[in-house]
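In the part that follows, the structures are each spelled out as structure tokens.
Look at the two complexes coming up: subunit A is in both, with subunit B in one and subunit C in the other.
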Partner chain A sequence: MSRRYDSRTTIFSPEGRLYQVEYAMEAIGNAGSAIGILSKDGVVLVGEKKVTSKLLQTSTSTEKMYKIDDHVACAVAGIMSDANILINTARVQAQRYTFSYQEPMPVEQLVQSLCDTKQGYTQFGGLRPFGVSFLFAGWDKNYGFQLYMSDPSGNYGGWKAAAVGANNQAAQSMLKQDYKDDISREEAVQLALKVLSKTMDSTSLTSEKLELAEIFLSSSGKVKYQVCTPDDLGKMLVKYGVTQPPAEA
Partner chain B sequence: MSIFEYNGSALVAMVGKNCFAIASDRRLGVQLQTIATDFQRIFKIHDKLFLGLSGLGSDTQTLYQRLVFRHKLYQLREERDMKPETFASLVSAMLYEKRFGPYFCQPVIAGLGEDDKPFICTMDSIGAKELAKDFVVAGTASESLYGACESMFKPDMDHEELFETISQALISSVDRDCLSGWGGHVYVVTPTEVTERILKGRMD
Partner chain C sequence: MECVFGMVGKGFALVVADTSAVNSILVHKSNEDKIMVLDSHKLMGASGEAGDRAQFTEYVQKNVALYQYRNGIPLTTKAAANFMRGELATALRKNPYMVNIVLAGHDKETGPSLYFIDYIATLHKVDKAAFGYGSYFALSMMDRHYHPNMTVDEAVKLADQCIEEIRSRLVVAPQNFVIKIVDKDGAREHSWRRTTKD
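What follows is the complex of A and B.
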């Protein structure tokens, strides 16, 4: 291991690797997982909440899912404070585009713009990369529903189903087996919950440990980002056989 | 000729009992020539907040786009809609930023605040707020509008009577102003619904 090349983010190692970027990805491998699945009538994002404690003040805001604009949302895996900065940047970029062009920013352009920001931290300034991976889910009029995954290096790709965070390799291979091209949004929710429950470390899955969000077109044709309430999520977990129903008293 | 009279406009907002109404004319002109008869001066910021912008058309559109930018970010970060009083402060601050090269607009803000209490206000082009309990006016027809509102307004009108009053005040005022008119656009907002109506006036 060439340790002498670790300290500077902006230097290649003799083997042609950027160690700081790889260490950032390592940090994400220890964080709560998130899964995204693209269906023909929507995109589903599921996240595992790592911070669960009875002492935590419950509020309506989410830990893993964030709205970037009316038509784009993202799920986060990694260092939350880094994620907050990037989410804010993404929100401002989306609004700046809308201000200039008076239409919503195409999803890929938003992802690309954010990834350009992330790439900057691997090439100049001597600052460390962001320790976050994102799953972007959105809709635009050019390409319909889309799912993108991005990592600390600034690389991104469009995916039909993707997983980030802890055990993402296992989740990814499970998704590869069970994903079908014409999957519906309801089936996608079911698949996502099933895969997440199998790859999560905890033994019993409750709605407090999960977050579920969907992007779909409402009946009026507008894009809608909806986070599932804990009650509905609990019912869904029982319906899909992921958790056992509460024992009769 | 004043830059504020280049395009022509008329705006009025009135408070009723647990509701408000905001109305504008529809003419866009270039001095004496009428260019459009469906120009939008009133914009919805969210279900309980409306913004009317009178004055130079180009500045009203740009100012509105900038406010949408700021409001959308506020909504994403705070996960709630902006209160009308807060929005008015935002508009005022944005206008004052351009103190020595201002936007040639006079905004009228109308919304339902805490507990659905109606809130209206107007400000000059550099952000001096004027809060009122009854009605606010703006635009080239503002002098006529002041007179019409003062005589027709009474407090605690319900939404139907408010609609009639604001419509009569608007139409009668724009009829005495050559730069505004070509109908009216009225929004009446209660805690439960928003009604949008187009008025037919003297089309001249």
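What follows is the complex of A and C.
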């Protein structure tokens, strides 16, 4: 019955649903998960890498984390090629704002602007929606550290802790239990790694399968976006006791 | 000839403009307010082509208001100044706005600031600025007597000295002037200097 209303994104079904948008969210539900946690001195983003191979050049390419501007970064879950387009759009929007106003674009405005773009693909043009969900992490002088989650429908919300991608509901409920409002950045890293290790499907958790990035203020007051090196990540996994050694034969 | 000038004091900024609306040898009115209140804490004194002046200043004012409605936060003075400059620059090589602007604002974090924006999209952050034939006299007067962190009384006294010079030395001096001030409590009219009633 619903098949009649599937093929075009720009029409409602009789029950008032947009199937293409929902199918896009399905696609994301099968992709590598990402978790974001807001702490009082920074924002933490952790992502599960689906493509793991010793041959992968990890020093120059990231799969999950991208810097949008000096003060905003994002984690992606979903179709990578779609994500690249949107990341580029977000970068252009951020620079365009700075070109006009000579100030960094407030984080919510950037998210809103990108979500307006995504919404367009659910209403006109006859093109399919983007199969990506984002977790935006950033800092601005109006609201300090912020975390936003957006999905293919173009909806977004500000969150204290959020999860996208595979098993995101399980991750979200775990976060709800363990999150405290005055959590520090280090505790947030620990919580994120713990939650991700529990919700990831894979049998062994090593630093190759994860990406960790943090947004915080340096001692000089500038916003810093730092991606954790695989070595440091490995040490952290051991320290927090979340490493599971590979199964012995 | 039109003249607009301004200066920064301790915790405030002042903008002074003549209030004549002139068409060749005819004075339409001598109480034309050329200092627009851009938002609660910004003043924009504009001089130039009358039609362009009204069009551009109102365009900027409405865009500044739209930004605040959309985003829940006001633009900083610096952002507003750069936005204005960008609009002038974009129009410059097609159909330029013949408007010169002195933008004064007060921001909570950075205090008072003054920007000089001319019709070819020059932007300078300054302590004192002036446009028009009156600028020859106003700038010289301010160069001599201005010092940083003046009180409101000192600044108004300096403005009066500038107005006095303009009145006595400019061949077709404007009849009336308006002084507006912006500080942490907002942008408002301070006083008038009249020689004629309109």
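What we mean here is this: the second predicted complex is superposed on the first by the 238 of 249 C-alpha atoms of A that agree within 3 Å, B and C clash if a C-alpha of one lies under 4 Å from a C-alpha of the other, contacts with A are read in each partner's own complex, and residues count from 1 in each chain.
Heads up, the rule we're going with is that a contact is a pair of C-beta atoms (placed from the backbone, for glycine too) under 8 Å apart; a residue touches a chain by one contact, two chains touch by 3 or more.
For clarity, every value in this text was computed on a predicted model and none was experimentally measured.
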| task | Mind working out whether A:S53 is in touch with subunit B, subunit C, both or neither, as first, second, both or neither? | result | neither
| said: Quick check on the superposed pair: does A:P106 touch subunit B, subunit C, both, or neither? Answer first, second, both or neither. | reply: second
| query | Regarding the shared-chain residue A:K67, is it in contact with subunit B (first), subunit C (second), both, or neither? | reply | first
| message | On the A-aligned overlay, A:K141 touches which partner chain: subunit B = first, subunit C = second, or both, or neither? | response | second
| said: If we overlay the two complexes on their shared chain A, which of subunit B and subunit C does A:Q177 touch? Say first, second, both or neither. | reply: neither
| request: Once the two structures are superposed, pull the subunit A residues common to the subunit B and subunit C interfaces. | output: 99, 102
| field | Of subunit A, residues touching subunit C in the complex | value | 99-103, 106, 108-109, 141-142
| message | For a test of understanding, state which residues of subunit A touch subunit B in their complex under the given definition. | response | 60-61, 67-69, 88, 91-92, 95-96, 98-99, 102
| In the complex with subunit A, residue positions of subunit B that touch it | 65-66, 68-69, 72-73, 76-77, 79
| Contact footprint of subunit A on subunit C as seen in their complex | 71, 73, 75-76, 78-79, 82-83, 86, 109
